[in-house]
Amino acid sequence: MKQHAVFLNCSLKSSEELSNTQALMDEVAQRFERRQITCEHVRIVDYQVGYGITDNAGPEDEWPKIIEKLKDADIVIIGTPIWLGEKSSVSKKVLERMDGSQEITNKEGQPFFYNKVAGVVVTGNEDGAKNAISSILFGLSYLGYTVPPESYTYWLGEAGPGPSFIEAEGHQHAFTMNQVKKMVHNLSYFASLHAEHKIPPTENE
Amino acid sequence: MKQHAVFLNCSLKSSEELSNTQALMDEVAQRFERRQITCEHVRIVDYQVGYGITDNAGPEDEWPKIIEKLKDADIVIIGTPIWLGEKSSVSKKVLERMDGSQEITNKEGQPFFYNKVAGVVVTGNEDGAKNAISSILFGLSYLGYTVPPESYTYWLGEAGPGPSFIEAEGHQHAFTMNQVKKMVHNLSYFASLHAEHKIPPTENE
Amino acid sequence: MKQHAVFLNCSLKSSEELSNTQALMDEVAQRFERRQITCEHVRIVDYQVGYGITDNAGPEDEWPKIIEKLKDADIVIIGTPIWLGEKSSVSKKVLERMDGSQEITNKEGQPFFYNKVAGVVVTGNEDGAKNAISSILFGLSYLGYTVPPESYTYWLGEAGPGPSFIEAEGHQHAFTMNQVKKMVHNLSYFASLHAEHKIPPTENE
Amino acid sequence: MKQHAVFLNCSLKSSEELSNTQALMDEVAQRFERRQITCEHVRIVDYQVGYGITDNAGPEDEWPKIIEKLKDADIVIIGTPIWLGEKSSVSKKVLERMDGSQEITNKEGQPFFYNKVAGVVVTGNEDGAKNAISSILFGLSYLGYTVPPESYTYWLGEAGPGPSFIEAEGHQHAFTMNQVKKMVHNLSYFASLHAEHKIPPTENE
């Protein structure tokens, strides 16, 4: 069975602008595609996503479109830039909306996030990647995603202002690209495992 | 000289809806007012605040209005609810926009956040207040605000779902209200100190 | 094949003193034992564990004994109290020593943490559980552990000082005990999955 | 009146070994000394510091010696390396012991941490400084210290393994050294302010 990955790019910039985070997500996506995993990219700020802990924030809210994409995905990757040493406000909004969508269940009555695997991609000029990754992986685990080992990659430069991923040719940075390899390997493995093995619902559910 | 406080309520809900965070901020504001400190309340989601690390995100962006309020304030309080154990996405957006406004300087050439004092108010059903406070106080300190001791208050219930501040009559919770008293005391003191004593610019060294 | 779980209790108190965190870990362990998963409990401060990013900190260092226990475990649970809204210093020392033990590999050349599953148990008077969980789950994932969905439980009271888990009869707290049930269910499931399915080494790509 | 600064180096290594964090702390100390602020350096792991939320952990505990140093200090600096993207376990132990020492009060009945100013110094191969700073500044603010604006400096390299501060000649890194200048300037200013202006006790104290 073919696997499918959805990449949620939580950049503050719309897709009219170049995103460093997208450039690193593309490195991940290329390697998924070589393994016959199809990839879809979503730039969150291209959509009207309202505020609230809800699956539907009103008639103009486009979050329901994103829910459909998440339902179709075996693998979800959240990508975020770093600002003030933390994940972006857009990535927090995405987690809030996912939290508000937990009551949408699969056939077994589990939150629909179950039996799917998750990873994180972070880029920044400097400092803050592990903080962003911890926070996002916790959120995804809390929602019901399976988190394979080392399911993330990041790039950042030295302390203080400096070039971003694309300008710094981060795609040649050995550590970052080795993490890309590991995360693709482990996410693919667990996605194929879940294709065959579903977590049974807990007793009372 | 009269002091002035601005409260930025980073609830996910607009002011048409009741905010538990506002209810606790109001406890703080009342005590400022008794000390002749004037208070202004801003519900961030009532404004069109765009994304980006910039002081102006385009013609529809209402952040510049909020900058004017921040310039007038001797004291700024950021209030946030807790979701997934962390501050709200709205509060992160506010910090991002403040970060993008750092090049606006006072007469001495310092970021205009200098010589002002800052505090934090958090409410949630449960768990996450200190995480939110650490993150926001760091952001405010990084921007240039002075952080007096114990410059925060919070209310939250036991682990898991439960009532919010208003329903739980949090305004009678001894710990929370003692923190209100301390934060008002210390913020007022440091605001009056800064009225007389400005941090000299580092360039003068 | 029988599964085995190791519980690392990172309380600041030695086993001569009652540990609230242990009381909640015992709830988890009882449910593992009902599923024929054997359990071993380690109170870290009963051991001489030195400082450093190393698997061996000198002749008096007892960390090597704990490594042997971790090697035998299919499931590892880290338990911690909350101080200042965060996991204990002892739990951070454990993560540092695990980080220093990464070069110990299994037959496949992976860090020996691979193909094992991990969870977290937290108790505190108040606030800080999700912060502790995020940080510890990230550390365990970084080391190579598999993190099943909702692989944690916690108990804490309202904002401010108050009773601890045992005194408050936290074992009757519905939310906490429902999380116990979910974490045991998911950890058991993934441990049995890994008994049959090992993550292939990345070198084989 | 002469000011005095105490530097608590929370390295995992004793003073027999070279500490990168110390090297950056020394840059800060030199600038304090040029301003006639005396400096004392404490390598925490040189002392027997027990575990617990207490000011005295038994007959072998050397924390009481460190309390005396903290009482004498107008300025306290906590220095920490980064491991797993966070402050060291030693720095968390120091905060726990300070938390346990809060009931030691000054003549006014305030925790003895009041009317003193605090800053943070962080070094690491990579990623984690702002996380460490947020956490430590929050802890210090919670205890009663005054936190001046931008009261920290840090150095770190690019994502992944790499050289540390000394080897990388971090003392020539413009961003890091500019932060040294700002932190020294602001800490000195607030220490001299507090020499003249003490925070009055809150009403009920």
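For clarity, chains are labelled A, B, C and D in written order, and residue numbers in each chain start from 1.
Keep in mind that, in the parts below, a contact is a pair of C-beta atoms (placed from the backbone, for glycine too) under 8 Å apart; a residue touches a chain by one contact, two chains touch by 3 or more.
From a predicted model like this one, the values you see are computed outputs, not experimental measurements.
S.K.: By that same contact rule, can you tell me which chains touch subunit A and subunit C alike?
M.R.: The common neighbours are B, D.
S.K.: Between B-D and C-D, which chain pair shares more contacting C-beta pairs?
M.R.: By the number of C-beta pairs in contact, the winner is B-D.
S.K.: Quick one: report the Å distance separating subunit A from subunit D, using the average Cα coordinate of each chain.
M.R.: From the centre of subunit A to the centre of subunit D is 36 Å.
S.K.: Provide the C-alpha centroid distance between subunit C and subunit D, rounded to the nearest whole angstrom.
M.R.: 30
S.K.: Using mean CA coordinates as chain centres, what's the gap between subunit B and subunit D in Å?
M.R.: The separation of the two C-alpha centroids amounts to 26 Å.
S.K.: Quick check: what residues of subunit B touch more than one other chain, meaning two or more?
M.R.: 84-86, 130, 134-135, 138, 142
S.K.: Can you list the residues on subunit C that touch subunit B in the complex?
M.R.: Residue list for subunit C touching subunit B: 84-86, 126-131, 134, 154-161, 173-176.
S.K.: Along subunit B, where are the residues that touch subunit A in the complex?
M.R.: 12-13, 45, 51-53, 83-90, 92-93, 95-96, 99, 135, 138-139, 142
S.K.: So in the complex, which bits of subunit B are touching subunit D?
M.R.: 113-114, 130, 133-135, 137-138, 141-151, 181-182, 185-186, 189-190, 193, 197, 199-200, 202, 205
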